[in-house]
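Below is one structure, written out as structure tokens, with a few remarks after it.
Going in written order, the chains are labelled A, B and C, and every chain counts its residues from 1.
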Amino acid sequence: MSTEAIHDDHHDHKPSGIGRWLFSTNHKDIGTMYLIFALVMLFLGGASAMMLRAELWEPGLQIVDPDTYNNLLTNHALIMVFGAVMPAAAGMANWMLPMMIGAPDMALPRLNNLSFWLLPFAALMLILSFVVPHFGGGVPINTGWTLYPPLSLQAGIGMDFGIFTLHILGISSIMASINIVTTIVNMRAPGMTWFKLPLFAWAWLLTGLLLIMIMPVLAGGVTMLLFDRHFGTSFFDAAGGGDPVLFQHLFWFFGHPEVYVLLLPSIGILGMVVPTFSRKPLFAYKPLVYSMFFLTALGMVVWAHHQYTVGMSKEVTTYFMIGTILISIPVGYMLFSFIFTMWRGSMTFETPMLFAVAIVLMFSFAGVTGIMLAVVPADLQYHDTYFVVAHFHYALIPGALFGIYAGVFYWLPKWTGHMYDERLGKIFFWWTTIAFNLTFFVQHFVGLAGMPRRISDYSPVFTDFNQISSIGAFAFGASHFLFVWIIIKAVRGGKRAGDKPWDGAQVGNAGLEWALPSPPPFHSFTTPPVVK
Amino acid sequence: MTSTTEGYFIPEPSRWPIIAAMTVFTMLVGTVLWMNHLGAGPWIMLAGVLMLAYLFKGWFGDVIKENLSGSYNGRVDRSFRQGMFWFITSEVFFFITFFGCFYYLRNITLPYLGGEGHLANSHLLWENFTYTWPPLQLPDATNYTQAKEAMEPGGIPLWNTIILLSSGGTLTWAHWGLKKENNRQLVLGLIMTVALGLTFFCLQAYEYGHAYAEMDLTLNSGIYGSTFYMLTGFHGFHVTVGSIMLIVILGRALKHHFSAHNHFAFEAVAWYWHFVDVVWIALYIFVYWL
Amino acid sequence: MSKRSLGGLAAAAMVVLSGRVLAAWEHNLPEPVSPATKEIFNLHMLTATIALVIMVIVTAIIVYALWKFRKSKGYEADQNFHKGWFGTWAWVLVPVVVLGIDMSVAGKASKVFDLVEDTSTPDMTLKVIGSQWKWTYEYMDEGIRLVSSLNRDRKTNDPLYLHDVDNPVVLPVNTRIRLLHTATDVLHAWWVPALAYKKDAIPGYINETWTIIEKEGTYRGQCAEICGGGHAFMPIVIKAVSKQKYAAWVKEKKLAAAAALAEASSGKVWTRDELFSKGEAIYKANCVACHQANGQGVPNVFPALAGSKVATGDIKVHLDTVIHGRPGTPMAAWGGQLNDLDIASVVTYERNAWGNDTGDAVQPGDVKAAR
């Protein structure tokens, strides 16, 4: 039996019961599952971060032993990156893309559900990797998320679970990306030409392409790790003619583009939020799209800036340095476009806009410290210190997580049909922003003063900064209970949101989502709308 | 952009995706246990493989049924094609990874160990090692077995090149038959292609056996063995998958499932097979020849 | 309005706080004492300043915009802003300005990099070998070898906790020192910020850096690449002394080494107590990091030696484990690092300590035979 979307079936026949979720082929339901999964993972990854910060409260080992610390660190990073941020962004893509471009659903709905359902199993696998070593499975994954050999060759069974976790995540991401790219290319409504596409769709198109290109590289790299561990190969062992640094190249060939995978969806969300609340079209939409292409291309060829200390030749290192520094051009251009969109606008500051403004500011800060890191000789000092930790949390939290928050507040009325509590939203904004800066600002200094990253215990000269950081982290963690409460409140009720809850929502290249009711019908556009 | 009012096929809720996720999970957990010599491993792996068979039969069965009932219109077909295109793109990057590793180890870092290039100092640690390709001598063979000889480009690999190239030809010939609605030519072409694919597979298996038994070229013979089996093995895996897909297509061709205008499945498999072909040529040049 | 003043208040508080805090606490790279680290320090200050200036400008523009272009102030959006001359040309202007800054940073950086990478004409060579979890130093020209690991006697409230070692490296000032970096097991990175930038220590490969220490003194650093459970416990201490003092130190070390060698190969039969006390020292320096002082190891990670089958069973297996290690685990092959007497004594120690009362006394000759 099949549902031909061509009939305008007004009364949505939603499948009922648990099967609606387990067997779903509906982009909104799958999007919802993605978002809930991401929220759960955010708490899990956050809880590991809280453990790290608690252990770092003062010198000495109080809570966990060093290997468990390192295992928590690895899990924190993997869960946040692959469990929280990417699924949240994918959830938004699922929810919004078909509505934005005027499609009935994603291009390949069953594949879509598979991409999602792989994730909980990947999470289960990661949990196994954490738990099993405690029952006699040898050293846990104590390498950090970069899994560098030879350390990762020493670890026990946990590492094998970890490697397969990444395989499952890789399959999931590749399939989700194939689906998203195909949807954007093939499912646009008549008249939704390339340069009418909302920025969020562009951002996800490039994110998807990036993922299709980089996930296989990570999968290949960890597969080689697996063979070195169990089948006698010598890819990463000099005695057999291999090289541990090879793995680093593979990891970062994936890893650097990956940070733009985390960033780009948020840039897309900013491209929707900023014009809305400035009540004026996006400044320089076309060059912005081109600069995203430029970023994607450049982002693929600068990976070795994470490896300045491994001993590459001067020419190669200089190439990577210049390439990396040049990234300030497209990213700077994007941020300035957002600033110029605000310029001479008519701004109001609802929660999404507050986040947007904060992102532009704080992510710029991450960017300029990124440029400091890109400068080779200086990075020989910064590398593997808390200066780097500070840089990337400024990049990841404003650049990815806050972007997602902005998106959640921006689209929550559309998803639920209710306005969220604006007052609580603003409290949440100020609380997180202040706590976040308290946590990570001081880490720049403790890093410069000589504190390496990935240590479970440190010298008392670093205590004061670490305590500030931990206080900030606990406050930051606690703010998320408010976040969940705001969402629950909006789901359960509240002021009704109209089809177009934001009065600036239709300026410029806004998507077609505002043409649908809030909440939208089960199948988004049963008859393709025509865009003039 | 496409024509305006076509609808789009949205499948009913389906249990296959979640079963697929469970299958992957089961197989991988089994593999981990097996690799760590825990008894239950192989049985769990076996369970995973059975689930996989059930899954493929069920999922593809649904797809075929939908296709035959005419649910798929042009736009759905385009989605499938584009999906397959991006999938192959990701496969390309898989192979780029492995070729990249091969290049890096062979031309950049192995020379370091032998005292050439930027990190030539490393030679201090391996004073008896000289760099050659293929590296039959290893920096330190304590944990490895050194290969006795290198693979030659003549003989089996050359035959395999010819076989795989002609299989590309027979597949194209089958496609022509399909376009002419000549089912006999289609079936015949497919049978030849499958036969050539299986021959390739057998020759490759024979070659591996030879390498293990007589040349001491194994996974354990240092970087030469590692890269050799990584590239040929991953390619061989693709040949295997491709052959299975070809056999499925052959079965469907025998049931007259394809028409001149509606044969996405055939084309997807053909793209895949040609891709595997092209990879082999690169492999032959870099691994066996140069 | 209230929100804005709240933000302003928070910002002001932070500036004040950080000003006070920064004056009191170590918050920047340490004072550099070698040519390369000096140049790097200046480069760091330059890029940090540029970063700060960019942030000030960006913040100023945003704050002005937020203040000026608000709906609550009745500001009407200028719908044609992006169509004016600025809208037309911004895509050239912004990138050109950014490119200009980029290129001047890159230019300055590559000059510094030339200096950093110039490893020519060293006066002496020090090979630095990282292992889990200690540093071994080989003075290549003098034939001296030094093992340096964490000083475990410091308490957590001691400022030198985790920043002190049992055997500091002694180096002469005003000497061009070539540093060769490698490792025996996993990646490590030798980092003493005041006088040497980082390069990774990669097993099987050798990386090279250099330094000229321009000031006498004690310099501290630590391992900067994650290397397992003891990563936080791998400090580095360098004593930079005058050339004369250094020469004297070298002489003394050589004499001591010669004496130790003579002792080890003297063919003397050692008593169990002699071996036991020597062995205790060697165990402390080499083995405690994993097997712990009480011989209990770390559950699931490092086996306990107290009561272990190996340490109470066949001596041959015990010797074999220590000499050849266990490939694929962190247990290293100690045969290359310790001499016959050392191994004999550490094995004797292990067989008699923590209730392993085997009563064995392993002689250097046994070790030689087992190699």
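Quick note on the criterion: a residue touches a chain if its C-beta (ideal position, glycine included) is under 8 Å from a C-beta of that chain, and two chains touch if they have at least 3 such contacts.
Just so you know, these numbers come straight off a predicted model, no measurement behind them.
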- Specify the contact topology among the chains shown, as one of line, ring, star, complete or other. complete
- Query: Which chain pair is joined by more contacting C-beta pairs, B-C or A-C?
  - Reply: A-C
- Which integer distance in Å separates the CA centroid of subunit A from that of subunit C? 32
- Taking each chain's mean CA coordinate, subunit B and subunit C are separated, in whole Å, by 44
- Message: Where in subunit C do residues touch two or more of the other chains?
- Response: 204-205, 207-208
- Junction residues of subunit B, two or more chains touched: 109, 113, 119, 122, 125-126, 139, 142-143
- Going by residue number, subunit A touches two or more other chains at 137, 237-239, 243, 245, 311
- Item | In the complex, subunit B residues that touch subunit A | 1-2, 4-18, 20-22, 24-25, 28-29, 31-32, 35-36, 59, 66, 69, 71, 75, 78-80, 82-83, 86-87, 89-91, 93-94, 96-98, 100-101, 104-105, 109-110, 113, 118-119, 122, 125-126, 135, 138-144, 218-220, 222-227, 229-230
- Message: Give the list of subunit C residues in touch with subunit A in this complex.
- Response: 3, 6-7, 10, 14, 18, 21-22, 25-30, 36-37, 39-40, 43-44, 47-48, 50-51, 54-55, 58-59, 61-62, 65-66, 69-72, 75-79, 81-82, 86-87, 90-91, 94-95, 98-99, 101-102, 105-106, 109-110, 112-114, 116-117, 156-163, 185-187, 189, 191, 193, 197-200, 202-205, 207-208, 221-233, 298, 300-301, 328-330
- Task: Show which residues of subunit C lie in contact with subunit B when the two form their complex.
- Result: 180, 182, 204-208, 327
- Item | subunit C partner contacts - residues on subunit B that touch it in the complex | 109, 112-113, 119, 121-122, 124-126, 139, 142-143
- Message: Can you tell me which positions in subunit A touch subunit C when the two form their complex?
- Response: 58-60, 65-67, 70, 133-134, 136-139, 142-144, 148-151, 153-154, 156, 237-239, 243-245, 278-284, 287, 309-311, 314, 317-318, 321-322, 325-326, 328-329, 332-333, 335-337, 339-349, 357, 360-361, 364-365, 368-369, 371-372, 375-378, 380-381, 383-385, 426, 430, 434, 437, 441-442, 445-446, 448-450, 452, 454-461, 464-465
